[in-house]
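Scrolling down, you'll hit the structures one after another.
Look at the two complexes coming up: chain A is in both, with chain B in one and chain C in the other.
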Partner chain A sequence: EDKPNLLQHVRFQSWNFENILTWESGPDSTQDTVYSVEYKVYGKKPWLAKEGCQQITRQSCNLTAETSNLTELYYYAQVTATSPGGQTTKKRSTRFNLLQDTAIKQPDVTCVPKVSSVQVVIHPTFTPIRGQDGRPQTLQDIFQDLLYRLQLQVNHTYAMHLEGKQKEYEFFGLTPDTEFLGNVVIFIPNWYKKSAPYVCRVKTLPDRTWTYS
Partner chain B sequence: GQEFQFGFCHVQGVKLQVLRKAFGTLRDTVQAQDNTTSVRLLRKEILQNISDAESCYFIRALLKFYLKAVFRNYYRQASELRLRRALSTLTNNFLALASALQPREEDKVFSLAESARRRFLQVQGAFQQLDVEAALIKAIGEVDILLTWMEKYYQ
Partner chain C sequence: KTLRLGSCVISTNLQKIQSTFSEIRDSVQAEDRNIDTRILSKSLSLQDTEPSDQCCLLRRVLRLYLERVFKNYQTSDPHTLRKISSLANSFLTILKDLRLCHDRKTCHCGEEAAEKYGQILSHFEELAPQAAVVKTLGELDIFLQWLEETS
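The block that comes next holds the complex of A and B.
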């Protein structure tokens, strides 16, 4: 008897350690097909049912809380699809590597224009992961080699570049009352990770020092 | 430049990113073939308890194991799966690391070497309990676990 294909592409999608399991309906599934999710730590025996994702009709499940242990790191998930007639299809995700498989969102940045400079302040990015002290971890806490790459486009042919681990930077020597385009990227060399850029368009302040003389 | 410092042992010239990139090529294919999801060779309990002083002995034993018992026996499959180049990159870099990791005579401490050997034997024992093909696939599929442990010693 042919096994029905009610389910396909079970995979983790992860951004800054927000880990969402997604899947797609299969050729044989209908609106009434329901899905149940289980997860496990690689190397451990039991599959554990994910509360809140049993017999659901949607095609995603947030497994962040269950897959956020930096000492375990490697997980699997599997989905069982059940048709109204009671037929089932079970499919497993690939092995999810917490550090390897999370993508990095653009940083949270404030660009502060001054008369002849632009200050760039990068705010810490907190993750759902908690340290041993229970404190939420930032990306920098987790990835020791994390650094920031900043660029300020001055004109069509010239751009200024800064790079480092600190949170505050300043581009000096700019023309007052002029618009500049800045972008900031998070870069994690050891893992080949690079975030989408944060882009800010900013205009330096007019220089009023000579106005009253 | 970037280098590994395993206790007393110091190694330059091997880049973690190169190893990760090579493994990334193999990963999906190899891990998809590993269906014993309840068995892990490089268990957290083994890796977490390795002291800094033992690390050189442990990593040396592990690299030699990967070179002699794992990579060498997987080349036929790797060729069939078009993964030979990635496997060669891992092999060459593991070879460079293993040959550079020579504890100096004055640093040799029997108790540390013995402790590291006992931990390594746990990995080897789990490997030998599996069917030959499954064991190779699992060991290669766990290179990322090894690289993540090694990163602690990467400066």
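The block that comes next holds the complex of A and C.
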């Protein structure tokens, strides 16, 4: 008897350790096909049913809470699709490696214009992962080699670059009352991770010192 | 990248190895039918081993990969074969560097190294030969994570 294909492309999509399982309907599925999700730690026996993702019609399930243990690191998930007629298709994800497979979102940044400089303040990025003390971990807590790369485009041919692990930077020696384009990227060399850039367009303040003399 | 294994310190290009393996990771791991067990279990990890025994444990696991995994992995896919050959060369380089530590008496094989490697080997030998090869190759990202954490 031909097995129905009610389901395809079961995979984890992860940003800053927000781990979402997604899948697509198969050629044989209909609006009334329902889906149930299970997950497990690689190397351990039980498949565990994910509460809140049983007999659902949507095609995604948030498995962040279930897959956020930095000492386990390797997970699987699987989805069972059931047609109204009771036929089923079960498909498994690839092995999800928590550290390797999470992508990095753009940083949270504030650009502060001054008269002849632009200050850049990078705010910590908290993740759903908790440390042994129960405190939410930042990306920097998890990836020790994390660093920031900053660029300020001064004109068509010249850009200033700064790089480091600290949270505050300043580009000096700029022309007052002039617009600049800055961007900040998170870079994690050990895991070749690079975030999308945060871009800020900022204008230095007018120099009013001359008006009073 | 510098690996600190007790008083044995070597450098290696972990990024290149990780990048090479990531190209074949999903296909190799998909061949592993038995995901209820794990050969490189957490309790046997390199980073949780006495520093003085880390070098010896590393040498033995490297040899396991070279002599029983890379050599016996069966595939007709040329791309995969090229990647495995590149991994084997990288592992040979690390093993050569560790030999220097052995010659300088900084690669001591103590009880813990023997005990942990013994468990890894018994996990390996509990499986059918080809299943063991596939699972161990699929766990290379676990092994690289161990190396990452000793750097």
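Some observations on this one:
Everything below uses one rule, namely that the second predicted complex is superposed on the first by the 213 of 213 C-alpha atoms of A that agree within 3 Å, B and C clash if a C-alpha of one lies under 4 Å from a C-alpha of the other, contacts with A are read in each partner's own complex, and residues count from 1 in each chain.
The working rule: contacts are C-beta pairs under 8 Å (C-beta built on N, C-alpha and C of every residue); 3 or more make two chains touch, one makes a residue touch a chain.
Quantities reported herein were computed from a predicted structural model and do not represent experimental measurements.
With the C-alpha superposition on chain A as described, chain C and chain B clash in the combined arrangement. Once chain A of one complex is fitted onto chain A of the other, the partner contacts of A:Y198 are absent, as it touches neither chain B nor chain C. When the two complexes are overlaid on their common chain A, residue A:Q100 makes contact with chain B and with chain C alike.
Applying the stated contact rule after C-alpha superposition, one finds that A:K40 touches each of chain B and chain C.
In the superposition on chain A, A:L73 makes contact with both chain B and chain C. With both structures placed on the common chain, the touch criterion links A:Y148 to neither chain B nor chain C. In the overlay built on the shared chain, the residue A:N190 is in contact with chain B and with chain C. Applying the stated touch rule to the two superposed structures, the overlap between the chain B and chain C interfaces on chain A comprises residues 40, 42-45, 71-74, 76, 94-95, 97, 99-100, 189-192. Residues 40, 42-45, 71-74, 76, 94-95, 97, 99-100, 189-192 of chain A are the ones touching chain C in the complex.
Across the complex, chain C meets chain A through its residues 1, 14-15, 18-19, 22, 25-26, 29-30, 35-38, 41-42, 138, 141-142, 145, 148. The residues of chain B lying in touch with chain A in their complex are 16-17, 20-21, 28, 31-32, 34, 37-40, 43-44, 48, 141, 144-145, 148, 151, 154.
Listed in rising order, the residues of chain A touching chain B in the complex are 40, 42-45, 71-74, 76, 92, 94-95, 97, 99-100, 189-192.
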